[in-house]
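Before any comments, here is the structure.
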Amino acid sequence: MNSFFALFPLLIIVFIALAVLILEVFLKRENRDYLAYISLVFLVICAFVCIQFWNKAYYYFDGNLLLDQFALFFTFILLLSTGFVVLLSMKYISLQDVNYGEFYALLLLAVSGAIIMVSSPDLLVIILGLEVLSISSYALTGLKRKDELSSEAAIKYFLLGSFATAFLLFGLALLYGASHSTGIPTIIRYFNTEADLSLMALIGLGLIVIGFGFKIALVPFHMWTPDVYQGAPTPITAFFSVVPKAACFAIFLRIFYPFWKTAFDSQAIFWLLWGISVLTMVVGNLVALRQTNVKRILAYSSIAHAGYLLVALLAQDNSSLVFYLTVYLFMNMGAFAAVIALSKKDKEYLELEDYSGIGFKYPWIGVTLSIFLLSLAGFPPTGGFLAKFYVFSSAVRQGLVPLVIIGVLASLISVYYYLRIIVHMYMREPSREVDIVVENPALFLVLFLCLYGVLQLGLYPRNILVLINQAVSLL
Amino acid sequence: MTEIFWLIPFVPALSTLILALFGTKLPKKYVSYQACLAVFGSFVISVISFLSLLQVSHESYPLVKNLFSWISSGSFNVNLSLQLDPLSAVMAMVVSGVGFIIHIYSVGYMAKDEGYTRYFTYLNLFMFAMLLLVMASNVVLMFVGWEGVGLCSYLLIGFWFEKHSAASAGKKAFIVNRIGDAGFLLGIMFIFIYIGSGEFTAINAAIGGGAITQGLATLIAILLFVGATGKSAQIPLYIWLPDAMEGPTPVSALIHAATMVTAGVYMVARMNLLYALSGTAAQIVAIVGAVTAVYAATMALTQNDIKRVLAYSTISQIGYMFIGCGVGAYAAGMFHLYTHAFFKSLLFLAAGSVMHALSGELNMKKMGGLRKYLPLTYPTFLIGAIAIAGIPFFSGFFSKDAILTAAYANGYYFVWGLGILGAVLTAFYMFRLIFLTFHGQERLDPKVKEHIHESPPVMTIPLVILAFFSIIAGFVGLPVVLGKKLNFFGHFLEPVLRGGHETHISHDLEWILIGISVGVALLGIIIAWFFYIKAPRIPERIRERFPRIYKLLYNKYYIDEIYNAAFVNPTVRGSEKIYDHFDLKVIDGAVNGTAKVTGFSGKILSYFQSGLIKDYALIFLLGVIIFIGYLIIF
Amino acid sequence: MNFPILSVVTFLPLAGAILLIFINKKKENHLRYIALGITLLTFIISLFLYFNFNSSTSDPQFVEKSVWLGYGIKYHMGIDGISLFLVLLTTFLMPITILSSWTYIKKRTKEYLIFMLMLETGIIGVFVALNLFLFYVFWEAMLIPMYFLIGVWGGHRKIYATIKYVLFTMVGSLLMLVAIFYLYSAYYKATGTYSLNLFDFYNMSLSPGIQIWLFLAFALAFAIKVPMFPFHTWLPDAHVEAPTAGSVILAAVLLKMGAYGFLRFALPLFPSAVIKFLPFLAVLSLIGIIYGGMMALIQKDVKSLVAYSSVSHMGLIMLAIFSLNTEAMEGAIYQMLNHGLSTGALFLAVGILYERSHTRLIKDYGGVSKKMPVFAAFFLIFMLSSVGLPGLNGFIGEVLCIFGIFKANKIFAILAVTTVILAAGYLFWMFQRVMHGPITNDKVQSFKDLNKREIAYLVPIVIMMFWMGIFPNMFLRKMDSSVTHLLNMVNTKKATISQTQKGEDLLVKIDDHALEEKNKEKEEQTR
Amino acid sequence: MIPPNYFLILSIILFVLGVIAFFIKKDLLTMFMAVEVMLNATNLAFLSLARSANSIDGQVIVFFIITVAASEAAVGLAIILLVLRQKKTIKTEDIKLMKG
Amino acid sequence: MGYFLFFLLAALCVGSVLGMIISKNQAYNALFLIPAFASLGGLFGLLEAPFIAVVQIIIYAGAIMVLFIFVIMMINVQKGVPPEKKKWTLYLSFGLAVVLVIELAVALKAAFTLPVSTETLKAGPVNLGRLLFTKYLYPFEITSILIIAALVGAIVLVKKKEQE
């Protein structure tokens, strides 16, 4: 297959983004749902195209594009989460006055950036992909133009994001200066063989980690997260909580998996990541305790989850990391779906107080949200438990017992705030009038798909594990 | 026919079961028939068993009936098995016989009570438990009966539970008994550990084979005796018995005079080899018995409540029984148990009859001169009093004399002395009771006087029967001085009570001792006559002269208060303190404190999330710098 | 055995719960009857376990084993003499609790029943799982329904109580999870294969230094669950706030999980650490006995009184377990069942009172016996069972426990016997204040005696109490070989460890073959 | 021929000046300018390192970075305008609705 | 000559950045940046990157800064915002900046000592173009996506509200 075909997955996404932009002009406001349908259809088509590339790990474009199973698996994850976000957005954008055709276009462009990231072994391309993702994200964050919170989130995200980008690029410069290349394999080889510039390269690597860590929201580079999550339109928040994280962790895997295997003494960066992982888990969960806004709670929870993912990275267990991400996709999307469900025209119910008594009033939302929260907290028999089980067990196998102990204690803290939401839903009498728009089939579809995913992954994830093992085997 | 004895406890058990399940739907008459018949059945079987036992040679004692293996785990094996030997045969007869009489009495006494069925259910249950205790062939099963009678005692004391005093008396009885039982249980544990079995035959064999040392024997014996002090109301655990008089009078007669409270004596007799081996334990038993005998008697001196006087007298009399056991004269102790069963239940029932007549009045100060109103009750009461006082030819005389003689003969002079002192006091307070109740001036409440009447035959006939036995029961165990063969009772029990030892003293000395005890009994009666008939002012004067002593005695040495202050209150207060200061503040505080600290650290951390872009960037930069710095330094 | 009976017993309630989801919530009686039917059916099926149980072997029976997730995570179930009765206890009590909440639960009946059924699945799962993963799944999953049961249908401080319960339990269980990971990885390192099979771990021998940590993690989880002093403070709160059925299940079954965990995991897996910590644990248990009793004495709330009495009783059970001899073990297991029945029954009794007057304070009662004689009789029997009156079940367990403790340590036994006194003290005092005396409260005046439904669910308990008190051998015999095997395992492993690994701080996997060789080597060396 | 390390030092100075400017300036616009300065410093570093590596790949990368900077500028200014429209201010300290 | 030019341009660059830091007026800020970027272009030229130098001047000093000024004109009202007054933040950031300088210097220390090749780079537009369309074709394509995203984002954020 030649290089042009290899561009297909990306091209489809970009093409449909542009098509959406154009079609928007011809569509009446009420018919904008069609844009969503079209996007969905092409996301599915894109996924099918990707399947064609499975088992054919080739480099294209001078090694700038790599469609191996790893990239494809992550592309599936990204497509799937985007699909969920599109479904979640359909009702939302008309209710919350974000009803622009550009919404879907930007969303698709953003995910195209993420796809670029995961399917390249070259840091330059990866960073360009990251920029595509970031720039679309900045715009998406500010899309609720009437909402002060939204624009505040956008400016915070933008300024801090470009600040971080500067560091990232500086890091790239250092790496480039040391290894004379931006390709990950070359850089790794460099670390393997030469050591005279190792400090420079190491710091370059460190700055790159920081740059990606910003997107992943690792403590202390996480400060933007809660505000942006709170201010952004909720489906976009859901998007943020999954897509950039998945993409950046894919990069981490690409960098670090070979990196751990090098002869180069990687202790320093290992312990740094160790410390960051601890900080992320602990700070994320501790601050979440004080939140009363559900989106902020989920924001901090997503910070904490980044910490657990980092544990998997440190445990050098790729498949469990990918599995965790997959589960995380379902449970987090599901949780956000439930949060989005609790809204009506120009009003979202986001305060914990609003959740009082919801569980019995809207049983399906209550039950599914509870299950997602329990999964996030790591209760069996949900996927969240199994994911944590894999991650922590391989970490113990690697001898990271203290880290795991901190991790489980942190997740103990998390149980409190997850349960607090459930407490509000089921154990408090309603204190405010909450009425929501219930006719939202797309959203319920997401809820049930996620529910299915969380339970399937918790009870019998063998097939997906086989896929994941294939995907990471070639790293 | 010899095997039939195992039915003895189970006849009342069956009756209990029927009454418990269907009692509320059965007519009252049927209930009373069934309850009485069940006990009568037991009595008949006991008699048959007794007779059959006489035909069996001594070597085959005890006859054991093994029903099934009850508990078996590792080295802890207990069978549900009963045994028949002279000791249990005598006890079974006494218990079921007296029990039967009291059942009949109860039919009259309780006739108008709401809880009629409940009463008989409990009473039958008691018979079952008591007979099980008596017939058990191992200590665990004995403990079952032991606890069972405790439960029934609780139930029956608190029979009128609407009354606070009754309810708390019941509770007190149970808890105090439990303290003793804990000791008993420990004793059982020691037995099982060192002997490996709880069967009495095995225990006796082990002792005979020298399997346990003297020290161990002492330990076990004392632990078991702790149980006995609880059940038999000896110092220091006697305190529940006076309060137990809150129960219906027949119950006091049956449980708290004739049968249950003597279980301790029975147990000691049952374990006679053990006590004999220990020596020390036996001495302790004797001393506790003796001290209790006098101590309880002193408290009886000043009480005005008929039943309380009788209760203290019971404590005192059981003390005598323990003296008997302690000094090695187990047969004498058992003999006193046997005679005491008759005269004490007689006294109680008669007291009940008085109460019945006086609409429930119990205070002697409000009686007097009842002789003429209660033509049947008075003589029977008098017989009982004479018996207990130890006037020759009445049953109490023989048994008490046997004990005191044995005490003297075995060298326990001090104990003997106390026994004599107790005898004086006993005679005194019994006749004080008689005189205050039946003689002298009438001090009756006029309202009570209107309704005064003698009890119905169903109550008086039992009195007569018991009075009869109180007179003649002693003749089965005549003093040795009259001829060794004449002590049928002792002779019969001999194969069981091998641990006893008799020191023979000269006939002269024995006559002297008998003389002394008769003398002091008479002395007591005379003093009582003098105080309460001849010169009724004297007690007043004494009271004025020695107010402290009187008060001390009247308030029962403040023992209840002391126990409360020394054990109950510290436990309760201490627990409250621990609960408030330790459980809630320290332990729970630590838990909540951890939660608070966690929350607080979250608060501090969230302070950094100030909302300002610059602060965010600053923390980012800080992170970068530390990150790079670490890489450089490392 | 082809029929997957354990799976059926475990998951039938869950299936029932799913069935209930599809039934209209307004048809409350339908829901109740279905739930009752399901639990009864489960009980009947579980009886099959009892009758087909082979008491001559210590191997797990009715084993089901199939691949599940790979990496040693298997679906592996089986029961032995230790778990058999705990399963039966659960299935026995479940219909009773459903009946007890027939009218007690007035709102959200459907959800309530669903959670009860889910809870049953979780509990049974814990007792039958032989794969550590499966075990942990059930162990944690069972928290969720309990969390809702307390949190939704509980009393005034329900939220505090339920969160405290969950977090408290999780502190321990998460650390235990880490320890499980450690075992898992140790096994992998020693053999190169993944396994979470309990029996594989039994055959693995860990160095004493590591055992200590692992044991501490396991012990903490179980100690909190039991609860042992000083981890008990969640218990009064949870018990007091839970609805009656919740308290019953909590006291009767959930507490047993901790003790079961010690028997099944902590003791046989880490024998050398056990020996090291034995005195410490025994002292804690002992403190629990006396402390629990003293606290129970002064509680003002009937439920928390019973809760503290649980602390005391469980202390005795734990002390017996730590005595490590047959009598004590069997006594402990037996006492677990007894405690399940008696404390469960006491909570039912308190629930019956609460349903009538909506107060749990002792001082609000008094003279109830007068109005409710039948109830009084039941209550009395429950109480007597709890204080260990001979003839009832409690006595057997108590006497065996004390005997076993006595065998191990006389001083402990002597102190433990105080439970006999304390139990009588707090229960009879409470009984006196609640049931006896004059009626002072108007509400009590209007009390009605038990109705048929209430009698129907109390009678089986009473029958069982007598049955177990009179024929304990029917139960004890089934435990014999399992208990013996367990003790052998602890003792022989203890021996082999001290033999082979003095001071070595290495992970060594010992199977019999390797052990033999090692011994041979040693023999040769000594020659 | 000027040694590339001169440029490197300059790039460090510029980068840090950018950082300082970011913290000193109080309006969003200038802060963003500061970020642009940082990006330019990065470019300088890239070029000098490319120079010492004697390869023109670095120049291509810089070309891309400039594109990135331009795109960021476009979106960034749009966002600043959005904020300005809503809040009528671009002072950073006025932007703290969300915190905690 | 080269050194002189370097120092001149460096001084100009640093000076104008400092000017931007000190100045209070937003318009001046932007204006200060133009010479800074332009001088950077010059420096790029010195580094034998003529094409990039031109691009720098056209895009940065030209297009981007014009955009900035355009925005400033739209802002219109601003009298200028005084620099940060929160002292501790200021000092802390200064301190951190100093540390950062040191750290980056340490990081690049190794690079300072690298041997410098004296060959001239063939960095003309042709060579660059060739690279751009061969080795860097893929990233080059991606920049197109980047620019689309930026355009769409910018437009959607600031366009007038749609008419219903």
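Per-chain numbering from 1; labels A, B, C, D and E assigned in written order.
Here is the rule we go by: a contact is a pair of C-beta atoms (placed from the backbone, for glycine too) under 8 Å apart; a residue touches a chain by one contact, two chains touch by 3 or more.
Predicted, not measured: the structure shown is a model, and the values here were computed from it.
Touch-path distance (fewest steps) from subunit C to subunit E is 2. Put simply, the chain closest to the centre of the protein, by Cα centroids, is C. Placing every chain at the mean of its C-alpha atoms, the farthest one from subunit E is found to be B. For the interfaces A-D and A-C, the C-beta contact count is higher for A-D. Centre-to-centre spacing of subunit A and subunit B amounts to 78 Å, using the average Cα coordinate of each chain. One finds 31 Å separating the Cα centroids of subunit A and subunit E. Separating the centre of subunit B from that of subunit C, both taken as means of CA atoms, is a distance of 38 Å. Computed from the mean C-alpha positions, the centre of subunit D lies at a distance of 6 Å from the centre of subunit E. The residues of subunit C that reach two or more other chains are 167, listed in rising order. Shared interface positions of subunit E, i.e. residues touching 2 or more other chains, are given as 84, 89, 93, 96, 100, 103-104, 106-108, 111, 135-136, 139, 143, 146, 149-150, 153-155, 157. In subunit B, the residues that touch at least two other chains are 606, 609, 611, 613-615, 617-618, 621-622, 624, 628, 632.
Here the touching chains pair up as A-B, A-C, A-D, A-E, B-C, B-D, B-E, D-E. Taken in their complex, subunit A has these residues touching subunit E: 7, 14, 17-18, 21, 29, 60-62, 64-65, 100, 102-103, 105-106, 109-110, 112-113, 116, 120, 122, 124-125, 128-129, 131-132, 135-136, 138-140, 142-143, 145, 154, 170, 174, 177-178, 196-197, 199-200, 203-204. Of all residues in subunit E, only 84, 89, 92-93, 96, 99-100, 103-104, 106-107 touch subunit B in the complex they form. In the complex of the two chains, the subunit A residues touching subunit C come out as 360, 374, 379-381, 385-386, 389-390, 392-393, 395-397, 401, 404-405, 408-409, 411-412, 415-416, 419-420, 422-423, 426-428, 460-462, 465. Contact residues of subunit B toward subunit A in the complex are 598-599, 601-603, 605-606, 608-609, 611, 613, 615-617, 619-620, 622-624, 627-628, 630-632, 634. Those residues of subunit C whose C-beta lies close enough to touch subunit A in the complex are 68-71, 108, 111, 133, 136-138, 140-141, 143-144, 147-148, 151-152, 158-159, 162-163, 166-167, 170-171, 174-175, 177-178, 180-182, 184-185, 188-189.
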